[in-house]
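Notes follow once the structure below has been shown.
Every chain is named by a letter (A, B, C and D) in the order it is written, and numbering of its residues begins at 1.
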Amino acid sequence: MSSENRNEGALRPLSHDVALLLLDSFGKQGVLSSWGARLTDMAPGSCEISVPMGPAVTQQHGYFHGGVIGAVADSAGGYAANTLLMPANECLTAEYKINIVAPGIGDTLVARGKVVKAGKNLVVSCAEVFAVTQGEEKLCAIMQQTLFVIPKA
Amino acid sequence: MSSENRNEGALRPLSHDVALLLLDSFGKQGVLSSWGARLTDMAPGSCEISVPMGPAVTQQHGYFHGGVIGAVADSAGGYAANTLLMPANECLTAEYKINIVAPGIGDTLVARGKVVKAGKNLVVSCAEVFAVTQGEEKLCAIMQQTLFVIPKA
Amino acid sequence: MSSENRNEGALRPLSHDVALLLLDSFGKQGVLSSWGARLTDMAPGSCEISVPMGPAVTQQHGYFHGGVIGAVADSAGGYAANTLLMPANECLTAEYKINIVAPGIGDTLVARGKVVKAGKNLVVSCAEVFAVTQGEEKLCAIMQQTLFVIPKA
Amino acid sequence: MSSENRNEGALRPLSHDVALLLLDSFGKQGVLSSWGARLTDMAPGSCEISVPMGPAVTQQHGYFHGGVIGAVADSAGGYAANTLLMPANECLTAEYKINIVAPGIGDTLVARGKVVKAGKNLVVSCAEVFAVTQGEEKLCAIMQQTLFVIPKA
């Protein structure tokens, strides 16, 4: 994907006010909190979320569950959009599609979301999800997503 | 969707052995257990999963999180496939795509998965997810999914 | 899928004015015309499009091309939405996802689109595509789609 | 997307034999031929297809039809996989999902497919589609796709 489209705002810093709004919204997401998920990087048009391995995120073989991988990818794409929409607006997920390309085996799951196209009403984001073992990243999923823009509550 | 394709096996009962294998696999999924998810119906080619509202399944407004909706739909489609694949085989999620059509507002989330096409190597399932308030169901998401068949571990 | 959600308007007839607008729009689609595609059924919330086999719709084995199957499914879902949106509005495809579940072998391709949820700004449709051989239908694809509502040009 | 995963083979040249097999397969696709589509670039793990504007590729406003955009993206992703699979194997499209992010306005449509993950049985590809006006490219769609590997016919 061309970096021009994916990360137009990467050279601009994220404003302090927007960063606080993002952290506030993120902290209210019970499901992410219950997994120990953290916002580990933010810039205009992109967002990184990290989740440690633990008993509440596993499937039957003890790996990261595909549903967790999907949920974290969905959130990373949505918060990437929010970096461009807040403080005036925010977004709801209209739909997402995820391909699991390798098992989620690792000590940490890292999802990196990026905005592909920010329209007035719709934002299209994508995300890559990596399973990380002692710092070594392995691609385990890719996601494509449509978000609908609404006024910030 | 035509019922002929969606639920070919519905007239056959699910064997006791397969039901036990499904419940055993389901019980090992840490993420579903942590949400209090239960297998509330099973038949050849279909599966229903129910999740009660609670602090570990919410997004920022206190509704069922889109990632939870996706994870439960993914699981319902996968276990619908497993009803036809077990005991010899089981399946891995290759990919899924979900449209959220209404907020997940309710006391219970119910996902109903059905097999659309069971091939030798690939199974295509779909699912509908309902947000339920005091017994009244409202459609909140639809999912389409591709599963890859592997020998049962 | 529950018929209540999929085809709410099926009991109402489609107005003559809307039918003419749909046919006018359909007739302007060069790609569908070049394939000999026809609108073979319309009702509020649903639409059927049929395409005869011919040299301009094949892949390398002489079957209906996956891209043709996708294009016809996309159109069937979009026109299903238009039955509810016209005359005031119409829709653009934001995204679609299609699973090919069997080869497109037959003399005719028939796509049946239905509206799953008609919101103010977004419509979610789905479609089933059948490969037909001497009147016998075989499911060859299922599609899920998001459409964006715009004022009718 | 990380270039390591997307284009592992880009440093190796495509063998002459594989290039001939790709061109032979491509030439047999009636729908692509009818649009004047050409394979304009190939390398191990990637593929570019270009389509000129013409009466057989339009929607109702005279732009490239969404179904054409999808078909060309599907083909670009599939032939990107074939560069790695041929001569022993080839692939069938199991499913694809495409987001249209801008109208297909231009004199040429260019789709660039890349392999994200090449497994033994499944290949995951993605593609970007650009609408080109007098050499200036504008992103109009992104696609994600699952392909199933079969022995070369």
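Going forward, a contact is a pair of C-beta atoms (placed from the backbone, for glycine too) under 8 Å apart; a residue touches a chain by one contact, two chains touch by 3 or more.
In UniProt terms the chains read A, B, C, D = Thioesterase.
From a predicted model like this one, the values you see are computed outputs, not experimental measurements.
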Can you check which chain pair, A-D or A-C, has more C-beta pairs in contact?
A-D
Using residue numbers, check each pair in B-D, A-D or C-D against B-C and return the one sharing over half of the contact pairs.
A-D
At what distance in angstrom does the C-alpha mean of chain C (Thioesterase) lie from that of chain A (Thioesterase)?
33
If you average the Cα atoms of chain A (Thioesterase) and of chain B (Thioesterase) to get two centres, how far apart are those centres in Å?
24
Centroid from C-alpha atoms only, then distance chain A (Thioesterase) to chain D (Thioesterase), rounded to Å. What do you get?
27
For chain A (Thioesterase), residue numbers touching 2 or more other chains are 94-95, 97, 99, 124, 144, 146
Using the touch rule from the top, collect the residues of chain D (Thioesterase) that touch chain A (Thioesterase) in their complex.
1-2, 5, 97, 99, 101-102, 116-117, 119, 124, 126, 128, 139, 142-144, 146
In the complex, chain B (Thioesterase) touches chain D (Thioesterase) at residues 94-95, 97, 121-122, 124, 144, 146, 148
Which of the residues in chain D (Thioesterase) come into contact with chain C (Thioesterase) in the complex?
25-26, 28-32, 34, 55-62, 65-68, 70-72, 74-75, 92-100, 153
